[in-house]
Amino acid sequence: MDLGFIGLGEMGQAIATNLLKAGHAVRVWNRSRERAEPLAALGAQVVDTPADAFRGDAVFSMLADDAAARAIFDDALLAQAPRGLIHVNMATVSVALAESLAHAHASRGLDYVAAPVMGRPDVAAAARLTIMAGGPAEAIDRVQPLFDAIGQKTWRFGSLPQHANVAKIAANFTLASAIETLGEASALLGAHGVAMRDFLDVITGSVFPGPVYEGYGAMIAERRYEPARFKARLGLKDVRLALEAGDAASVPLPVASVVRDSLLDALAHGGGDQDFAVLGEAALRRAGR
Amino acid sequence: MDLGFIGLGEMGQAIATNLLKAGHAVRVWNRSRERAEPLAALGAQVVDTPADAFRGDAVFSMLADDAAARAIFDDALLAQAPRGLIHVNMATVSVALAESLAHAHASRGLDYVAAPVMGRPDVAAAARLTIMAGGPAEAIDRVQPLFDAIGQKTWRFGSLPQHANVAKIAANFTLASAIETLGEASALLGAHGVAMRDFLDVITGSVFPGPVYEGYGAMIAERRYEPARFKARLGLKDVRLALEAGDAASVPLPVASVVRDSLLDALAHGGGDQDFAVLGEAALRRAGR
Amino acid sequence: MDLGFIGLGEMGQAIATNLLKAGHAVRVWNRSRERAEPLAALGAQVVDTPADAFRGDAVFSMLADDAAARAIFDDALLAQAPRGLIHVNMATVSVALAESLAHAHASRGLDYVAAPVMGRPDVAAAARLTIMAGGPAEAIDRVQPLFDAIGQKTWRFGSLPQHANVAKIAANFTLASAIETLGEASALLGAHGVAMRDFLDVITGSVFPGPVYEGYGAMIAERRYEPARFKARLGLKDVRLALEAGDAASVPLPVASVVRDSLLDALAHGGGDQDFAVLGEAALRRAGR
Amino acid sequence: MDLGFIGLGEMGQAIATNLLKAGHAVRVWNRSRERAEPLAALGAQVVDTPADAFRGDAVFSMLADDAAARAIFDDALLAQAPRGLIHVNMATVSVALAESLAHAHASRGLDYVAAPVMGRPDVAAAARLTIMAGGPAEAIDRVQPLFDAIGQKTWRFGSLPQHANVAKIAANFTLASAIETLGEASALLGAHGVAMRDFLDVITGSVFPGPVYEGYGAMIAERRYEPARFKARLGLKDVRLALEAGDAASVPLPVASVVRDSLLDALAHGGGDQDFAVLGEAALRRAGR
């Protein structure tokens, strides 16, 4: 297929690479062009403007945050796009922005598919992403082979794109809560002389299997927050999205509020660029440990 | 071996049954004698006083709470016990009580092993409990065959019995936090029109596998809180233990505080005897849903 | 003096009235012109555009929120204003907007004075507002006689306008916390059979005198939330500003988070247009009362 | 009148002194006798056992906590007391203990009056305490002249003693919340460059007059937590009583939970013997300040 790709951070690069490997023609654009060069070596066509990328059969995007998306996907860009183009936005954006983009695209005769993903860059590189897709069914059907080339499974959330974003935001909140909880547990165990590692072995070996409790738990047990696989300040961005989505629908999320405050504590102590697991350090600090 | 068993609630009955099945002689005592009768049919000797049970090679106990344990395991009981007796306390008791019992037993020449378990009555019946053991290594070695008859795995937490209790309390807190989080996520999803079931499929099929997210998640998705497999008021008891253990060691546990308040909300609305998953209903109610 | 006034909600009308009574010429503008008519009867000149009001010696503004202020005070408006004009913004806006407006005005040779106020419309009508002023000292000196005509006291927060906004936001947060606390206390007292009124008499007659504990306390004691003197949804707007200001500077505000969640609970139950005191009802509801 | 007085901490000494000054005969007892000596110089009779003090017309008590009260006011003590004796317990005890003591006294034909007070030792010395009284009306009538000798005002909470304790606990919670809020506000202001002192001047000069915002606010503004007029660990004891009272009646108190966690943070950092205002330092620390 004839594809565009906008936004070549770590995640974007890995995903675009897999699309190229799958044999598709990909025009790539990134704000700083040097991040596009490695893809040129794989056959991508590096273009000069987002508009150059925003055409063909489908265009993927993976921008850093709402502000970046609002700046790029403006009326002018949409106006010049070919009718029938499918825009697959894989970024974790706010529910409000997803809704707004869905309307803007529809009014121009474009298809908007929200497809936020779970998985960090190494998972993306291995084409093992979990994809949460929302949007018109026919549009998703058409890009499904592309999803299959970059992820291990696609979950569908119906025809409203923002539903996939709500689900992604809820998943991120669940993740944040689990890390915060491990951090608090770690402080409790430590204060009573019990090794976090022993505790982790029990819970991950019984009722809490899986990568979250194992991975973040180990980092907290070792008080090792670097290198960051997912930065605390990105975690804070996600928790803010959950709180905003809750606020918009009058849904109190007290655990999300706790995590937010704990992340601010972490940032105030220089942990913004450390791993999300630094929530554990904040919990230990509050316990004087 | 010549065993005693004190406390025949649902868990106690299941465990004692497996000890009998493994061929041990078991003297059983329960406050209300009728709960002991089914075990008599399996060969247990029903005795009239805790003291009658508190002798032989080892005695197991599984009482409802700290108050019950304090009332039974008093100085008089310990004074009449044979030196060398191993007391295996499988109940989830407070850290403070565990410490106090450990001292009281040691001063009488008795071995005290804390062995709280993870798993509900059906798991106990299947001899698949996860056992968290703390106490003198030789004592645990001697009862390990018994543990093998009732559980699938024993995790050791060193020679201080209370360490096993701290770990158990932390595990219960982790569980409570996960349920509360699922409840809040459910309210968020519902308010935005997304089916909790779809969300659950994604997270349990990817980063949050395991029985907690699956089991409690399903109950919350269906708003089905009966029959209770583990009652909300017992969950509250466990969260209180976490908060007390935190308080005693100056460890703030803000997520535990949130769960406690949410459980009180649930109890105030008649949910005390419903399943722990009723935390989800409290979250939905706060969101006006 | 030759004045403009933009934004004639209840507060704006009361303040503009007092400026007219003090003998100043006032050009008034409001989005819906009918709210300006009562002032015309007092001698105000009703103008057709914000730009018509945004000239003379000084212009006051009292708009509903950040969005309204951003929409009105744009580059075009500032560009056409006479150099030396003093803009006195009395609205409670975000710290970020205050900073941004201060820069925009300064770059155009205009003076920007933040002057948020404490006091509801009846206090404004009585010219008894408490004014918190920030901005260039000479500019504040020049408008001080105007402040004296509308308020009982002006407190100065130095030359950076946003400092006055931070202080106002912190004051609103303190207010919100006191109301939430009274609500929780009310639930506690009621559950134990003690009359809130008796409790209020003690604390307001001893360590908590003043209008907040007396006024909001009485409404909570009577479970009377209408007519709203200050609506819950405006209270939520203020708490959001506190949380945003905290977030921007990495300051956790756990009590503000609690109040926010409690306000969302109130809104979810139809209390958005009821008085801020409806926080008490949310606390009672969570306690099943 | 012929009085007894049990418990001569700072508060007890000051109150007993005023009873002596008012011309009453007072038998005094304290666990460590040396604290009773200064009162002997004022005419008190120092006695050897609580029972020696627990007779006459009325006995006042002011013990440190529930545990001390439970240890002293046991069945043996009550059994030997003369029928008709009025026991005035001025300590801040739990609702549960107040209820239990009320029953125990009534069953022995003794009157039990709960009379917790607001005011620190200097206020007690000046006979300016605020007294919150609960118990049989005739009993309170009889001791009212004594209350008038030690306090400035007595507020009555009806015939159930524990109602006065609930009100006292709610008042302490209100106090704790106000201090925590000032601490959080202080962190917010400081992070944005605004002086806490300037903020305090505004709020105490307008909507938040009174000793709490002024006194604790000043300590927080100056980050001065010694000498402690009321220690953080005593504040924590009071917040625990509020949480327990809430728990017993299924009343969530999320602000109390926040304060508790903040106090644990303070204790974990060595602030237990500093003033209650050290809550402000905990808030600053969480903000990295």
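Of note:
By written order: A, B, C and D. Residues from 1 in each chain.
Throughout what follows, a residue touches a chain if its C-beta (ideal position, glycine included) is under 8 Å from a C-beta of that chain, and two chains touch if they have at least 3 such contacts.
Quantities reported herein were computed from a predicted structural model and do not represent experimental measurements.
In this structure, the chain pairs A-D and C-D differ in their number of contacting C-beta pairs, and the larger number is found at C-D. The chain with its Cα centroid farthest from the Cα centroid of chain A is D. Chain A and chain D, compared by their mean Cα positions, are separated by 52 Å. Chain C and chain D have CA centres that are 38 Å apart. Residues of chain B found to touch two or more other chains are 246, 250-254, 258, 261-262, 264-265, 268, 286-288. The part of chain A that touches chain C in the complex is made up of residues 240, 246-247, 250-254, 257-258, 260-262, 264-265, 267-268. Across the complex, chain C meets chain B through its residues 254, 261, 264-265, 268-270, 286-289.
Chain contact summary for the complex, chain A toward chain B: residues 95, 118, 130, 132, 153, 155, 157, 160, 162-163, 166-167, 169-171, 173-175, 177-178, 180-182, 184-185, 187-189, 191-194, 198-199, 201-203, 205-212, 242, 245-246, 249-256, 258, 261-262, 283, 286-288.
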